[in-house]
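Each of the next two complexes has subunit A plus one more chain, namely subunit B in the first and subunit C in the second.
Right after this comes the complex of A and B.
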């Protein structure tokens, strides 16, 4: 085999790639290749580790009782804060409101998000798809607090809706500062999240499946019930879990649209940390919220699987 | 020949105001402190936590700007909520870090919690304390871990349009069915617990042992579907016609009125809660910064600074001989006679600090039910 000419040089890209390979070999020798998976997962482990450390600190704080003579936490551990939280009718009311509100918001959001996502996937005209996408993404540019203030302006006693109602002779009515206003605000906030999580699941359903069902005599409602919804289940579960957990822990919407009497657990936790300086009780409430959310999500995982959140892994 | 009348422009006016403030400060602070060779190095700035809106405007005009003009030290106002800065300061002191602020402008109740926790510097050596009234001294604490700077009243603010026959005379006006859904309280009930005790038929002497009368009255108010919020909410609700009555600090009501909201206020026959705010310095500051932070507070309780600062707030200060703002002469929310003070409800800070958490919880229990 003839020797290459002394002037021969490999292309620049090849040489660069060789350099990168040599560097990678120095930093992570081939003998370590069986541990490469751990290398990739290290950032995630560090991140989760930090969260766990924080939780341990919160756990420690939750076991210490505030002494109102010195405003210092007790030296000893006890379950007093947990007992106090469980014995309080206020926290039970707030917890029930948060849980039932999260379920209601999840159901309403999925009902509204499904047709929107379906239209986004199936619509043929590009401009309609673009319009739907812009309408979906626009709220992402506006923070939750600003959006809630927007609703204060629109739904207030002197707001646009009441102004419009007055044109047809309806007296101004209180549309804000009640449970309905909080649920409405949360559904509006969660809708884009749900649509974005449903779109991939609906995209994966071939349109021919619907055509085949129709050609066998199924009406559209039957196609929806027997074909689309079962096939979209992973998307519905993923979207439902995200909406449920975000709603369960929401602070701003109940605070702003609830008029102070529709608190969720996050508002009660804020009060303990920042209003009464009782970080022990606040920590106990925070851990109970984490536990309740985790158990409920775990139950959904066990019964229905993780949906699209499983990223194609084994259910 | 034109008439040589001098018309100062805005910039000249500001220069003049700052110079006057500086002159007042130099006249107020002992020359030893400002001129002494051994005065510690000046920091580039000191950070004062403050409430926003008209509150910080008044502080800036009455205290911060003249202080800067006299010392060259810039004053930065940190508008983090008082409740939210508290855990940050506590954590900084516990961890031996330099605290995030030099001076905390705080409610006396909150400040007392910090004093009990031992995170406040002693301010007993401020020279201007000698010229203050007893209001400046925090009750039930040794020395001066806090210096109270003025008093304030939680008044009953109302829309005059809703009261064509004159101001409401009792807190029981909140129970009038025509105001259902159109009344507002602070979301922890602060300012309302004590008048509710009287309006509910109880006695102030029974606080904190027996406050059933207050809880019963608050439970009746709950049936009126009150809105619960903070100072800015009240202004917005009055402005948008959402409410007709609210229990709020007179400063907020006065500011809303100045901004064109049709609003008036009164101290009902049951009385209204009187409380104080103060200034304090967290532990852990470098020596020189501590020195200048103390100088700031010392100036804040001088007569000149108090006159301007408290004028802006519409509140009675802690230095004798201050002139009330014209619009508040004779106003019960600006008590400057013993008779007017006697009509207000003042509960010891110690009792408030020890029981506030329980009162807030009870109020929440009623309102969230």
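Right after this comes the complex of A and C.
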């Protein structure tokens, strides 16, 4: 058997890789392999822990009352801020506006998102599918501020719509800074989220089930009602939940298209922090919003399951 | 699609969506090309003067650079953290999976205003506000579930026997990870990091809360400028975002295919 010459060496990459393997064996011995999953998940858990730290800070701040003489938060804890927030009719109005807006936006978004997702899944021509996807992703990737800016140009008092109307002799209308404008802007903002969350659920429905229902004599509204909607339920729940919570807590659209007259809860919280500089009251409001959102998500998950929102792919 | 009436109903709703989705983008594009000093309809001739103007504006350039830095930091933080977490959730037997899932969903269940203000207080306590990296880290946290989702959903497609086969052939754990596991989940990693980059680039509320006047990012700068008056230079800046979004979509399509989002789950 020919011996390898004394100056023979393995390629650098192999030796490097062996070194890395040895390093891995020292740092994380094979006996620890059972725990590799935990090693992998820990950074994410710690990173998300930042948010929990933040919530604790908010909780702390919410229990301190602003001393109007010194403009410093008090040393001792009390529930005064919560009492103040719950007793105020302003916040009740704001909360009601956000809630009713969120319900309306969720319903409208799902009505628009369902056919869009359905068309995406069922359309035969590849180029149409691609065009639909690009139309969906472009606004999703452009960001809220730019989109709201576009709406300002279109709907403003001297915006496109009003200028066009004046060409045919209609007096300019106030299209912006009202409830409708905010709802419309939010529906447009939420549509891509809703479609992307509905699509997996619709993909899972074989086209044959529709054909079968049709061949048994069901009209398409009946197929929609008795076959498609029930089978798409996980997607509808996931999409509805995401749209509802994102709308309820949105800041940019009410701020830009509402023009200060259509504040949602997030705007009220922001104002407490940066206009009134009452951190305590702002924190109390923020924490109540977090609690309301979490309770809602928790309830939906308990009643319906995580729908299409479950992570990890195991069912 | 079966009947004619269904076709009409579905496609008229889809067309309504298409118009609503695209109109702001198209209008911003059009407004940026106007020759006048105001955004007007019908447009007063074509010109590139506003692009010239923003190319010379120092505050805009710096805000754009800052947004790029924030997005890069967010992506660099999120790729390893999200990839490992996605693998852990799909490839390893963990206890307390439900609790972990709930914990990792927190960035989505806690409203952005809550996350933003909480992080503002935490970073304030640590005396790190005023630099850009906290903004990047914050963007990574709030969008982390996206990358975990995309990685774990592509990890499901990986046959566990492949990893065993690699080890059987003498590959160590690191080699198996680098040459078998990682390439298999690469589509998920790419999708997740592109989403992360673009969402961090566009992130508005958290940037608004974590930046001050010296380090505003581009979306915040646009927002602050909109308050006063609508001028075409903002439209030209917005076109920068449109171009970036188009580039991201093109990349996503080239690297993994947009159809990846149409998979059933």
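Quick notes on this one:
The definition used in the following text is that the second predicted complex is superposed on the first by the 281 of 315 C-alpha atoms of A that agree within 3 Å, B and C clash if a C-alpha of one lies under 4 Å from a C-alpha of the other, contacts with A are read in each partner's own complex, and residues count from 1 in each chain.
Note that in this section contacts are C-beta pairs under 8 Å (C-beta built on N, C-alpha and C of every residue); 3 or more make two chains touch, one makes a residue touch a chain.
Predicted model only: the values in this text are computed from it and were never measured.
Contact with subunit C, but none with subunit B, is seen for A:58 once the two complexes are overlaid on the shared chain.
Shared-chain residue A:271: touches subunit B; no touch with subunit C.
Between subunit B and subunit C, the partner in contact with more residues of subunit A is C. In the superposed model, A:94 lies in contact with subunit B only, and not with subunit C. Using the contact criterion defined above for the overlaid structures, shared-chain residue A:289 touches subunit C, although it does not reach subunit B. When the two structures are aligned on the shared chain, A:233 is found in touch with neither subunit B nor subunit C. Applying the stated contact rule after C-alpha superposition, one finds that A:263 touches subunit B and leaves subunit C untouched. Contacts of A:72 after superposition on the shared chain: subunit B is touched, whereas subunit C is not.
Residue contacts after overlaying the shared chain place A:158 against subunit B and subunit C alike.
Contacts of subunit A with subunit B, set against its contacts with subunit C after fitting on chain A, overlap at residues 152, 156, 158-159, 273.
Listed in rising order, the residues of subunit C touching subunit A in the complex are 1-3, 5-6, 9-11, 13-14, 16-18, 20-25, 27-28, 31, 38-42, 77, 80-82, 84-94, 97, 100-101, 103-115, 117-122, 125, 137-138, 140-142, 144-145, 148-149, 152-153, 155-156, 172-175, 198, 201-205, 219, 222-223, 226, 230, 234-235, 238, 241-242, 244-246, 248-249, 252-253, 258-259, 261-265. Of all residues in subunit A, only 66, 68-72, 88-90, 93-94, 152, 156-159, 174, 176-177, 259-261, 263, 268, 271, 273-279 touch subunit B in the complex they form. Residues of subunit B that touch subunit A in their complex: 81, 83-84, 86-87, 113-114, 116-118, 181, 187-188, 225-229, 236, 240-242, 353-354, 356-357, 360-361, 364-365, 367-369.
Subunit A makes touch with subunit C in their complex at residues 17-18, 20-21, 24-25, 30, 33, 36-41, 43-45, 47-48, 50-55, 57-58, 61, 111-113, 115-116, 118-122, 129-130, 132-139, 141-154, 156, 158-160, 163-164, 187-188, 191-192, 196, 199-201, 203-204, 210-211, 214, 219-220, 242, 245, 248-249, 251-252, 255-256, 265-266, 269-270, 273, 282-283, 286-287, 289-290, 293-294, 297, 306, 308-314.
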